[in-house]
Amino acid sequence: MATLLKLFPTCTWTGRLAHLSRKGWAQSRSGRLLPCFPASQRCASTTSYLTVEMDDNTGVAVVTMKSPPVNSLSLDFLTEFSISIEKLEMDRKCRGVILTSGLPKVFSAGLDIMEMYGKGPEHCAEFWRAVQEMWLKLYGSNMITIAAVNGSSPAGGCLMAMACDYRIMADNPKYSIGLNETLLGIVAPFWFKDTMMNTIGFRATELALQLGLLHNAPNALRVGLVDELVPEKEVLSAASTAISKWLAIPDHARQITKSMMRKPTIDRLLSHRDQDINNFVSFITKDSIQKSLQVYMERLKQRKT
Amino acid sequence: MATLLKLFPTCTWTGRLAHLSRKGWAQSRSGRLLPCFPASQRCASTTSYLTVEMDDNTGVAVVTMKSPPVNSLSLDFLTEFSISIEKLEMDRKCRGVILTSGLPKVFSAGLDIMEMYGKGPEHCAEFWRAVQEMWLKLYGSNMITIAAVNGSSPAGGCLMAMACDYRIMADNPKYSIGLNETLLGIVAPFWFKDTMMNTIGFRATELALQLGLLHNAPNALRVGLVDELVPEKEVLSAASTAISKWLAIPDHARQITKSMMRKPTIDRLLSHRDQDINNFVSFITKDSIQKSLQVYMERLKQRKT
Amino acid sequence: MATLLKLFPTCTWTGRLAHLSRKGWAQSRSGRLLPCFPASQRCASTTSYLTVEMDDNTGVAVVTMKSPPVNSLSLDFLTEFSISIEKLEMDRKCRGVILTSGLPKVFSAGLDIMEMYGKGPEHCAEFWRAVQEMWLKLYGSNMITIAAVNGSSPAGGCLMAMACDYRIMADNPKYSIGLNETLLGIVAPFWFKDTMMNTIGFRATELALQLGLLHNAPNALRVGLVDELVPEKEVLSAASTAISKWLAIPDHARQITKSMMRKPTIDRLLSHRDQDINNFVSFITKDSIQKSLQVYMERLKQRKT
């Protein structure tokens, strides 16, 4: 936990209300919200937590997470994120997504603890369904997905990065990435585990999950948690370079191949989705776990004063 | 595709008629064709596409593929190959096989596109069954199988090499190996994918299959697609050295162990064999896919003129 | 086999009678034998084959195997081992176990051949159930388990080490570790294979099992069979250092995570346990296999005279 405190000493962990501006979005005939791009090559839309910049020339959208202070994955954030990804998925011009952070030093700090602390079971269930939905959208996306990891990425942030097709990380040993849930006394669910096993294999996952390992950038490369390290200022341009290789592959063949690899893992969650929600709710609402979360937040507050 | 063109600039990709000479083969009591070796220590048999040299002293047969210009896996080639492997399998004196190419610069260029282009569904189905049969025979062989990869080995050629127990490749960075199907707009079927996952793991397979990666020899070693690199002229002798270690293991224990490792993967194809054929036929006979193959062959022709 | 002979030239491979001293153990209310520790911080119990030293301050027990000459896993040894682990498991003060050898040059030589040679099917079945039980207890332990591998560890010794959470080995190239069953003409059962696959992956397991590879310490580290090499005299202290990292993790979260990783592998044996015993008994009592074991033991004897 000391590590997390060091990473995010000013973290407030408070939930944010969703001021959904809806700027840049329009309603489609089917009733879905769709991006409403001006007739130019580059068009941007901004919501409360995300900026989506689409380049019609390349077919690549850059999705920038901007939810200060640390891009915590709150219910509102997750909802907005899943809607944005779904919109891009339905946009025929969009072939790939680069996911990055607009905040300094952090990609995403992971799940917002405020959504799990002192909340009733209904809220926890709704929140958990939104976490599942984010992963299902990203891990199962037909688009090329590149994570431009320009800061630390613990827990749910690591899950997001792992759900992409390729990960480029800033070569800064102060930044770390990993599923560190056990450090907080909680447990990464089976589909977090499955995603990590698909990325770094059984043994490295067993070690990482039990010890709640946060790998610094060089170690993350060594263990295979990220695919490439580049200087901090070049993360986005390296992501553009990388995605051009993926764009050279016929979409149809690439999509079928991607689905062949990932479908069994996705199906496993889909067929146990409600059970997974029940497990989460009954676990997180336990007195002992709530106490752990409280202790953790007290420490964060002490650290700040 | 540029890579393939570079590798095989003179490739004609035309199918060959099978002039099955049957030289060196005899019919067994059960009606099967069996090798008819003279009473010497080394005996060779030659068919249209293969030379089989058996050394009775060591129990090792060297199977050399010679189907100019690039050892394309045509229906006739595959049929002959499967028959040869089955004969060796039934030959009690034969304990191991070294599989290599008798052509310069290429191990095998993979499936013969002419068997999939402009052909009716019956032909495509027969062809695909022959591809399955080759893999079933090789991946499930009780014999020790060493691939002496003395040239490039894309697509089906890579599958052949991966189906062996051990892979030695010429240390020539101009030679490459990999499942590059997506580059042609087609998709490696699930058992190609399974075989690659068993060789290099989930993540490396996900990357390699989606991007259609052809690894040059040094990269192939690094990623684990081959087990050893040796100077080009020493590939065969290195294979002999390697197989001697395998011959030191009691056959019975080695065979049970091999089966324990590979049976689940083999059973998966066996229980979906017809479905896999149907999938292939309906995919490959699509107008869009036929168009892709046509474009690809046009480029090959332009390249040659 | 030459390797094994070199490792243990004075090995007698004879079974030992169990002189169960019961020193340091008492009977619990439920009738089970429980450790009876004096009211001090460090308390030790010694049985015929094991010394168990518990440090109440750290919650770590050091289990030292002392069954000369080579810690062969006889029926009595295995029974005692499983009872000891179960006792520690039930001891609330015990959070972790360091497993090591009290003999020079060897961690454990693996299954005692005398339990399989010239014995009736009932004895073989009882023996095999004890081998299963040892693995089930260790691989499924809720405690942190660290193997301090201070000597060679072939076959069943390797299984024991792999069943722990973390492996530290003496940096001595003369010490080796691996599942070398095929060298003796026998076959590692599926759950040995599963455990190795979970440790070093499919491909490395396929190679290691077929060839009966015994990796020396540096190779064992390279392939991932052990996690750390340290100078021979520091193996135990390094194990203490390593376990302190694991002790920093909340037990509850770590245990659920460990179970999530290992339960499928454990369940596979549990649901085929009797079948696995039958397979072993019918295999090991075959004349050909008994002959192999005899030949092996004759060589050991010749070596000694």
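Letters are used for the chains, namely A, B and C, taken in the order the chains are written, and counting of residues starts over at 1 for each.
Everything below uses one rule, namely that a contact is a pair of C-beta atoms (placed from the backbone, for glycine too) under 8 Å apart; a residue touches a chain by one contact, two chains touch by 3 or more.
Treat the numbers as computed from the prediction; the structure is a model and nothing was measured.
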| item | value |
| --- | --- |
| Copies chain C and chain A - interface residue numbers shared by over half, same or different | different |
| Chain A on chain B, rotation in degrees - Cα superposition, rounded to nearest 5 | 120 |
| Inter-chain centre distance, chain A versus chain C - centres from mean C-alpha coordinates, in Å | 41 |
| For chain C, residues that touch 2 or more chains besides their own | 201 |
| Complex interface listing, chain C residues touching chain B | 181-188, 190, 193, 201-203, 205-207, 209-212, 288, 292 |
| Complex interface listing, chain C residues touching chain A | 165-166, 197-201, 224, 227, 245-246, 249-250, 252-254, 256-258, 260-262 |
